[in-house]
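Shared between the two complexes below is chain A, which has chain B as its partner in the first and chain C in the second.
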Partner chain A sequence: MTAAPDRTGKRDLWICWWTAPVFYLLFGLIFVLLTRVMPPPRPSMSTAQIGAFFAEHRTTIQIGFALLIVVIAGSAVLSGLVAYQMKRMSVQPVFAYGYIATLAVGAVPGCLLCAISFLTATFRPDRDPHQIAMLYDVALLSFVGSLGCFAAQYLILAIAILLDKNKIFPTWFAYVSIWQIVTELLAAPVFIFKHGPFAWNGAIAFYEGTLLFGVYISCFIPLLRKAIQQQPSERLPA
Partner chain B sequence: MWLFVLGDLFIFLAYFVIFMIYRRWDPTLFLGSERHLDLAIGAINTLVLLTSSCLVALGVGAARRAQLQRAARFVQGAIACGALFLALKAFEWVRLAHDGYTFTHNNFFMFFFALTGVHAFHILMGFIVLAVVRRELRTDHFREHVVVAGAVYWHMVDLIWVVLFALLYVMR
Partner chain C sequence: MPALNVQRISLWISLGFGAVMLVAFVAFPGFFPPMSPRMSADQVAAFYRDHQSAIRFSMITFNFCSVMLMPLYMVVVYQMKRMATPTQVFAYSYLSAVVSGATLFALADLFWLIAAFRPERDPNLTMLLNDLAWITFVTPVGMLIGQNLCLALGIFFDSRPRPIFPRWVAVVSVVTALAMAPSAAAVAVRTGPLAWNGVVSFWLRTGAYAVFLAVLFFAARSAINQEERDEASDALEPMEAAGAAV
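Moving on to the complex of A and B:
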């Protein structure tokens, strides 16, 4: 696997790879700047404060989440690319299929439910404030709390990497993947707490988890690039 | 593995710092709650894990001297210690919950159950790691780096517990 990088005839793979940095850049733009979900507003806000939050950010929320729904397919393409690389591993392709399946499960609670809830909340500003507050809870509980869906994904990836004799991805990345599982587990208490480190905006449940996810993605995108570069040009069997 | 260990220690360091910050904000609550913990069980658990680390170290030593069967037995002993640790921890948790000190009781117990829970998860992962080490010791051409990596992981788990014990049970 130390041959010179091979760029011929892989344009299809490179197109897929580029969806990764583009998608995550957009994701960051949408969730941080436009919709204000990252970092999340407090779970301890009153109904009136929640209403004020939506009133203040109505326009950018609508633009941001409408855009998310259009570009969400980027994450699907990325998981397809990862699964394709996983099929090059010495382990059975069942891991690749499992990887795709877990992400498919996670996409709805992971960000789409948040998007739809926020869009619904901003759709009719004169709606009953208690209903708006409920949509707020649904959105943020699902966004932060659904991290558990991805625990299975990280586990599958970690096991596949550790068992893989073809070394498509380096062993240390399996450990980075395992860290994600631990941070997911520590996000589970968001359904209980409205303040403190285990609330949906908490130091442990949100900030540390997001920071570690940033590490994960910052490693994953270059590793995928390297995997594609080192992949021999002939086509794999389907 | 060293990368994982350093990273994991760093992650736990963050948890400890956050714990200390919250403790600083409400020292009376934290000290008062700490008194409800059973120091004896905590101390016994600490000894159990230290013993297991000792056994793992002896196992590595035996492996290096090509005494593979002996090494595998040491590793087996370490796993047994880990199981004893978890059994004692489960007993402790059930007793605390029975007395009304649950995850949501107050901030101290929130940290207590979360931190010992994550640590327990690491012990469970440790069983897999040690099982891999033991299997490696039973192959014809065992790879020393696999055995050492497993040992390093287990020592890390022990180290984390020692700090947890100090922070949660002992610190005044």
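Moving on to the complex of A and C:
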């Protein structure tokens, strides 16, 4: 077994890593430009306004979410990569398995249910407006309000980093991850408020959370790259 | 060798329940022919009223059996971890995609059963549940595509002289992913081959995945057989070496 750096020896990791910038670029394109879920439209819209929202953005919602439901497994590829790096830590693999499990749960209520609801709403523009308004709530509340699956993931990752003696990720990133748990908690009131900072389009529930997620992900992608670069090429790690 | 026995048990669980799912598939009146997205609300409501027993039989059977495919998928995860790939990362990604994919099917199944629960419901609500069921069942193909691509990449990168899964399984896996991809268009199309009842979005997608599952079963079975042969010859080697030394 050679310890020399060998790029071809990690090509599967590099394929997974490249999924990250591509997936998050598509994610931004889909949620911001095409489907208009980010920044979210107001929870206080009337039934008629919600109908008008879907009528106006119908085509781009359909294009955007049709794309999302094809590329969504990018998230699964990435959680595999993170779990693999967590298995290289000095901690027992329990956290790595926990990371895969929580994100595999989160993908459905936290992302795909939003797409399914918007797509069902746009599928029949002549549907009863009250049903369309309900699908709108289902989509936005599931997307912004799926707290636990992601909080659990951030918690597992943060504890793993803090306990890890192999220093796969720097300690400060554990605190970035802990801040993500705080933002998930701050998004909890979206189930209660229709106006103000704690509504699903509010300054705290949405903008603060999204900004911190942006910080988190733009730290995490380079850190994953560094972790892959620094690891010795090996076959079949234990 | 208890580990190998568990793999065989897993395969037989999935084969048995897979066979029952074929019965459930044939029993669902909404698949022969697949329900058109152009049916009116009253027609959809009448469908649930007229076929309530068959719908319940089929979808309760699916509800019970579909996640019983998980043992087969987990044999694949275990065998992927044995591949001589640079790392085991694709096995973890595959596991994640398989779990989310199965969850989506479980959700679609519930929508069908909820629609059948009160066929006297306002037809517009029955149509909403029916739309949710069909859209959730047919269109979110991404997790299936992702799991097939992870498997294919693992097979391609497996540098064993005799790969765990033969390379042609990777080709079938990629072709299946490509065959399923167009179904996502059913979210916006209501007529023709791409509609959720169309030749491409329904029959090609469902047929391709069913054939792929059969391939996966046999590939997993021969991987288990090979693992047993390898272990048997590994156990013999020290003895032979000892014999040669004498």
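The rule is short, and it goes like this: the second predicted complex is superposed on the first by the 229 of 238 C-alpha atoms of A that agree within 3 Å, B and C clash if a C-alpha of one lies under 4 Å from a C-alpha of the other, contacts with A are read in each partner's own complex, and residues count from 1 in each chain.
Methods note: a contact is a pair of C-beta atoms (placed from the backbone, for glycine too) under 8 Å apart; a residue touches a chain by one contact, two chains touch by 3 or more.
Note that the structure is a prediction, hence the values are computed from the model and not measured.
Chemist: Is this a clash or a fit when chain B and chain C both end up on chain A?
Modeler: Fit: chain B and chain C sit side by side once superposed on chain A.
Chemist: Looking at chain A, which partner touches more of its residues: chain C or chain B?
Modeler: C
Chemist: Looking at A:197, would you say it contacts chain B, chain C, both, or neither? Reply first, second, both or neither.
Modeler: first
Chemist: Is A:212 contacted by the first partner chain B, the second partner chain C, both or neither?
Modeler: The answer is first: A:212 touches chain B but not chain C.
Chemist: Considering only touches as defined above, state whether A:116 meets chain B (first), chain C (second), both or neither.
Modeler: second
Chemist: Which of the two partners, first being chain B and second being chain C, lies in contact with A:32: first, second, both, or neither?
Modeler: neither
Chemist: State whether A:186 touches chain B only (first), chain C only (second), both chains, or neither.
Modeler: After superposing on A, A:186 lies in contact with chain B but is clear of chain C.
Chemist: For A:178, using the defined touch cut-off, is the partner it touches chain B, chain C, both, or neither? Pick first, second, both or neither.
Modeler: Touch partner of A:178: chain B, not chain C.
Chemist: Angle at the Cα centre of chain A spanned by the Cα centres of chain C and chain B: state it in steps of 10 degrees.
Modeler: In the superposed arrangement it comes to 140 degrees.
Chemist: Where does A:72 make contact in the superposed view: on chain B (first), on chain C (second), on both, or on neither?
Modeler: A:72: touches chain C, not chain B.
Chemist: Please provide the least distance in Å between a C-alpha atom of chain B and a C-alpha atom of chain C in the combined superposition.
Modeler: 30
Chemist: Enumerate the contact residues on chain A facing chain B in the complex.
Modeler: Residues 172, 175-176, 178-179, 182, 185-186, 189, 192-193, 196-198, 203-204, 208, 212 of chain A touch chain B in their complex.
Chemist: For the complex, give me every residue of chain C touching chain A.
Modeler: By the definition above, chain C touches chain A via 37, 84-97, 99-100, 103-104, 107, 124-125, 127-128, 131-132, 135-136, 139-143, 145-147, 149-150, 153-154, 157, 181, 184-185, 187-188, 190.
Chemist: Which of the residues in chain B come into contact with chain A in the complex?
Modeler: Against chain A, chain B makes touches at 1, 3-4, 7-8, 11, 14-15, 18, 22, 103-104, 107, 110, 114, 117-118, 121, 125.
Chemist: Under the touch definition given earlier, write down the residues of chain A that touch chain C in their complex.
Modeler: 8-13, 15-16, 62-63, 65-81, 83-84, 96, 100-101, 103-105, 107-108, 112, 115-116, 119-120, 122-124, 127-128, 131, 233-237
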